[in-house]
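Consider the two complexes below, in which subunit A is the common component and subunit B and subunit C are the respective partners.
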Partner chain A sequence: MFELRATWAKAGLSILAVVVAVTVVLPVAWVGALSLKTGREVYNQKFLPDEWVPGNYITAWQEFGLGGYFVNSVFVTVVSVVLTILVSLLAAHAFTWLRFPGSDVVFTLLLLGIMIPPAALVLPLLIEARHLGFYNDLFGLSLVYVAFGLPISILIFRGFFAGIPGELVESARLDGAREWKILFRVIVPVARPAVVTVTILLFLANWNDFILALVLMRDADTYTLPVGISQFIGQYATPHELIAAASIIGSVPVFILYLVLERKFQQGVTAGALKG
Partner chain B sequence: MAEISFRDVTKVYGDGTEAVTSLSLDIAEGEFVVLVGPSGCGKSTLLRMLAGLEAITAGEILVDGEVVNQVHPRNRDVAMVFQNYALYPHMTVFANIAFPLRQAKMAGAEVTRRVTEVAETLELTEHLKRRPASLSGGQRQRVAIGRAIVRQPKAFLLDEPLSNLDAKLRVQMRGELAQLHAELGVTTVFVTHDQTEAMTLGQRVAVLNDGELRQVGTPQELYHRPADLFVAGFIGSPAMNLLRAEVRSGEGAGDVMLDFGAAGVMAVPETAAELCAGVPAATELVAGIRPESLLLCDPAAASSESLPRARVRFTELVEPETYVHLAGDFSGVDPGDPDAPPRDTLVARVRSDRTFAAGEEVALEIGGTGLHLFDLETGRTMR
Partner chain C sequence: MVVPSLAVFLGLIAIPIVVVGLVSLSEWTGFPADGIRWLGIENYRTIAGDDIFWRALRNTLLFTGLTTLFLNVIGFGVALLISTRVRGTGLLRAVIFLPALLPSVLVGLMWQRVLDAFGFVNQILQWLGVADQPIFFLGDEQWALWVIIGVTVWQFAGYDMILYYAGLQSVDRSMLEAAALDGARTPATVFRVIIPSIWHIVGVVALLNIIGGLKIFDVVFVMTRGGPNRSSEVLATYMFEQGFRFSIMGVASAIAVVIVVLAVIASVARFRLARRLV
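What follows is the complex of A and B.
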């Protein structure tokens, strides 16, 4: 009886998983199909194109100058992700292992950052960026991403660090290691799954950001991919097939990053540290 | 090697819990001292304060005559082995053992030489390229010890290092630790709640309870001359029988009797008579009788009819001995909590060739030197 119920539950969950997967994959597949159609076929109800046009990708890349946007996006995303991870690792280490008076209050204040959507801060950010001199500046945009990425990164790292046995840190301290060495030689290798998770999350958020990049970047040569692609939309005509092709090109780095990191995502790396 | 001194060391946690209370203890250079006590007695806290992992609320800790209260753990030159090994899981055995040397920026060739030497001592040579996850419990424990000894510190601090091992391995590692200490001669502070470990390893044993040092001495001193009820009850397995009694004069000149109330009256053997010297008659006290000094006699053949009687509850065969658990009209004292309700059970340790049936009645006598007397009010020994 129990086995029968378990089988039904498993079957139900499998069906649900398939439905969810199709729901998620379908729009992506639709954009993929769209990117291979001719301009005339775009409004065609058929899913697959009658005439396959892989050249749309080359056209999008060349005619709309995707290369420049791509480089900007890579710069902004890599700089912001690296900085965010560095700073949040240090902060999480301090919040977890170097408790100081008022650390809980500071941590709570920091977490408030998660609750404020970036769009709500666009105007003050714009004014601030102008005053601080990082308006229309790619590094400035990176710093804004760092600010928005820190709370969630610190939260994730701190949560993960809390699960690492304190004896590892204490042992390293007694072995003569300084705090930064404890963090990068002992903690980070153990916390690799958390680092990978945060990297993927931040990369996705910063690579795909539209609103902040739109507001804080003025010149076309500083546009990131999402903003650059949005420039394809014309007043009288919009090349949807090229926008779709550009979108697919834009999502390739995210796919690659996920595939590369997913393989390195090794849970349970702490196995063997302590008595099992 | 270092001399270690605790001077009126107190530790109060943020929530007001007093883990260690004004504790003073001197550890000589090269000595192996065991801190023993029940869970929560403050022994690990004391060790962690010595390592610098816990701040000291009051008092001083001195290493080689220098106050180290404010010295960072990495500068104390002490090595610690943790209960759960705390090995770096992503590093090989070699890298784990070499870690402290690399922090000290030691030259690569010297690191290799020292690690190889330690690995040979601890029989880890063939495992140097493996990671901790692929090692057995005993091997992991050896790696942790290797990491501690490789840097030749002033002192080793071991926090219940054997408690995660199975019984057989524990005995083996105990022997290896004793041998290692004999070879290296480094001052060692070993924390355990296991009195067998304490008694077998320690040159001196410090017994702690509720954050206070109850007694420090050699294992023999603790066993044969416990300072108070707690030490008497904690050291020795099975534990000492602690019974309320009243001192009475015997029939002969100088004879002293212990009156156990409804249970009966027992003569204090001549070997222990000096204990009662100066104790006025009718004094109420706690009599402590080691299980091996509790003699079980056939009531029919007993020397006196008034000897205390007890019934056998059950027996435990621990070759070559048998522990006989008895119940009688005694008023037993709980050494951990003197205010606890009295217990009427006691244990005798006899040779295993003697057999006892449950419910069998026996008469009790005291033999040898296993009698101890404690003040009923203070719990301190009466000598």
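What follows is the complex of A and C.
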């Protein structure tokens, strides 16, 4: 973008870049070091532990019951992401190629959902969950995630479908294929990049969600990771090094996926923000 | 093929919006067995006369305004820095985006440790000799909201950076070359050429930050619960307390309606701007 000729300017900017990067990493690194200390060393002034205790991770995993939360988080995330993608692919297909009277009105109505922050609807959702019986139910929580994920997914799929030549659909129809077959055999293979983008966006939103799971789940055996881990903060007796270990454990899945799919994450988040 | 989407949307978004509006006009504990009593706009009168509500609204707006400002300045600055592609920027690009992907609850938990009396920040302050007593960042009315703002900026600066970086790729190369030929200095190029040509993106990114700011909950809930003494109370935490700790569903729903109205105003503005983008 710029042609920097002066060496001192380049050097200065390099130093600035490293300083900013260190500012971002250092707090997390300090928590990482904290998670490996003994209970006594937590209060000392050294950055690195004198005595390394990797066992803190096993203790945190067992004492906080992280295994159960982990399974719950994986369940609601996988179920909600898969359902959202299926349901929104169907809708986007209809909005693009099966336009019916009033389809624009329905499309606009669905898009209005993008404006509504989940936090503002937790009260009526709890009331509805108690009345209809999906309170404290992991599948019920997944369906709520589907509702909040639909608008952005439909919007992205529809935008992508609009760029696919109509002849593909027409010729499949002439061959006598049914609409859902056209969608899954013809359209989806072409629309792969859009599916990846939507998967990443939904994964982040649902894996990281706190307030919906906090309100809609009552028992410890239905908590997701963020809710489960947050339950230990209020208890001042909880050892600091174990809280640190638990926060690191909770961050690892996102961290690994990001390492593997760095550019895809960046593209996905950009598309979600600028197109949504 | 639209029916499943429509059913889920109506059942779990549209109906809840209607319900929250209706409940905000009533007195109710939220339990099916308990009776509901209609009050009209009484709950809105209650919050209009409630100092804590105004404090939460003021804090929410202050938080939203300041995080939006800092996030945009830092996000744009870092995007510019990375686009120079000098050494070290590859590392920066990889790490600065990561916090934005982490669950806010865990970010809050980590910073709670970093900022406590024995935490990293106090260690550094004492090492530098700035403070001889540890500062209780989260237990001090003067600090709490600023800490929440700082942590949020730390977490989401990379998010704004990615958006600005994408925007910078669309800046017309020939204009940059022309500016360079005219002997324009870097600051002049930034302010006269780059910022004007991505101005529409600034609008969209700022509105995204505003929308995110208005619904702030996770970090506050985890780090301070709105305290000490309501100094970091925001609309969503106050709503949560009224609804779930005290079961005053009517008042809580009235606060929720205020959040929805603010979010819709910001979203409509964003849609208008985004449409001009295309």
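As a convention for this text, the second predicted complex is superposed on the first by the 189 of 276 C-alpha atoms of A that agree within 3 Å, B and C clash if a C-alpha of one lies under 4 Å from a C-alpha of the other, contacts with A are read in each partner's own complex, and residues count from 1 in each chain.
Rule of thumb we're sticking to: a contact is a pair of C-beta atoms (placed from the backbone, for glycine too) under 8 Å apart; a residue touches a chain by one contact, two chains touch by 3 or more.
This structure is a prediction, so every number in the text was calculated from the model and none was measured.
**Student:** Mind working out whether A:175 is in touch with subunit B, subunit C, both or neither, as first, second, both or neither?
**Tutor:** first
**Student:** Which partner does A:226 contact after superposing on A: first (subunit B), second (subunit C), both, neither?
**Tutor:** second
**Student:** According to the stated criteria, A:167 is in contact with first (subunit B), second (subunit C), both, or neither; which is it?
**Tutor:** Touch partner of A:167: subunit B, not subunit C.
**Student:** What's your read, subunit B or subunit C touching more residues of subunit A?
**Tutor:** Of subunit B and subunit C, the partner in contact with more residues of subunit A is C.
**Student:** Between subunit B and subunit C, whom does A:43 touch in the aligned arrangement: first, second, both, or neither?
**Tutor:** second
**Student:** Once the structures are superposed on A, label A:143 by its partner contacts, choosing first (subunit B), second (subunit C), both or neither.
**Tutor:** second
**Student:** Share the list of subunit A residues that count as touching for subunit B in one structure and for subunit C in the other.
**Tutor:** Correct list for subunit A: 269-270, 273-274.
**Student:** Where on subunit B does subunit A make contact in their complex?
**Tutor:** Its residues touching subunit A are 51-53, 72-74, 76, 78-80, 82-90, 99-100, 103-104, 131-135, 137, 140, 147, 151, 164.
**Student:** Applying the document's contact rule, which stretches of subunit C touch subunit A when the two form their complex?
**Tutor:** 1-2, 4-6, 8-9, 11-13, 15-17, 19-20, 23, 30-32, 78, 80-89, 91-92, 94-106, 109-114, 118, 120, 123, 126-127, 154, 158-159, 162-163, 166, 168, 171, 176, 180, 186, 189, 201, 204-205, 208, 211, 214-215, 217-218, 221-222, 236, 239-240, 243-244, 249, 252-253, 256-257, 259-260, 263-264, 267-268, 274, 277
**Student:** Quick check: in the complex, which residue numbers of subunit A touch subunit C?
**Tutor:** Touch residues, subunit A against subunit C: 1-4, 10, 13-18, 20-21, 24-28, 30-31, 34, 42-43, 45, 87-88, 90-91, 93-95, 98, 103, 106, 109-110, 113-128, 130-131, 143-144, 146-148, 150-151, 154, 179-180, 204, 207-208, 210-211, 215, 225-227, 229-230, 233, 240, 243-244, 246-247, 250-251, 254-255, 258, 262, 265-266, 269-270, 273-274.
**Student:** Report the residues of subunit A in contact with subunit B in the complex, numbered from low to high.
**Tutor:** 165, 167-168, 170-178, 181, 186, 189-190, 269-276
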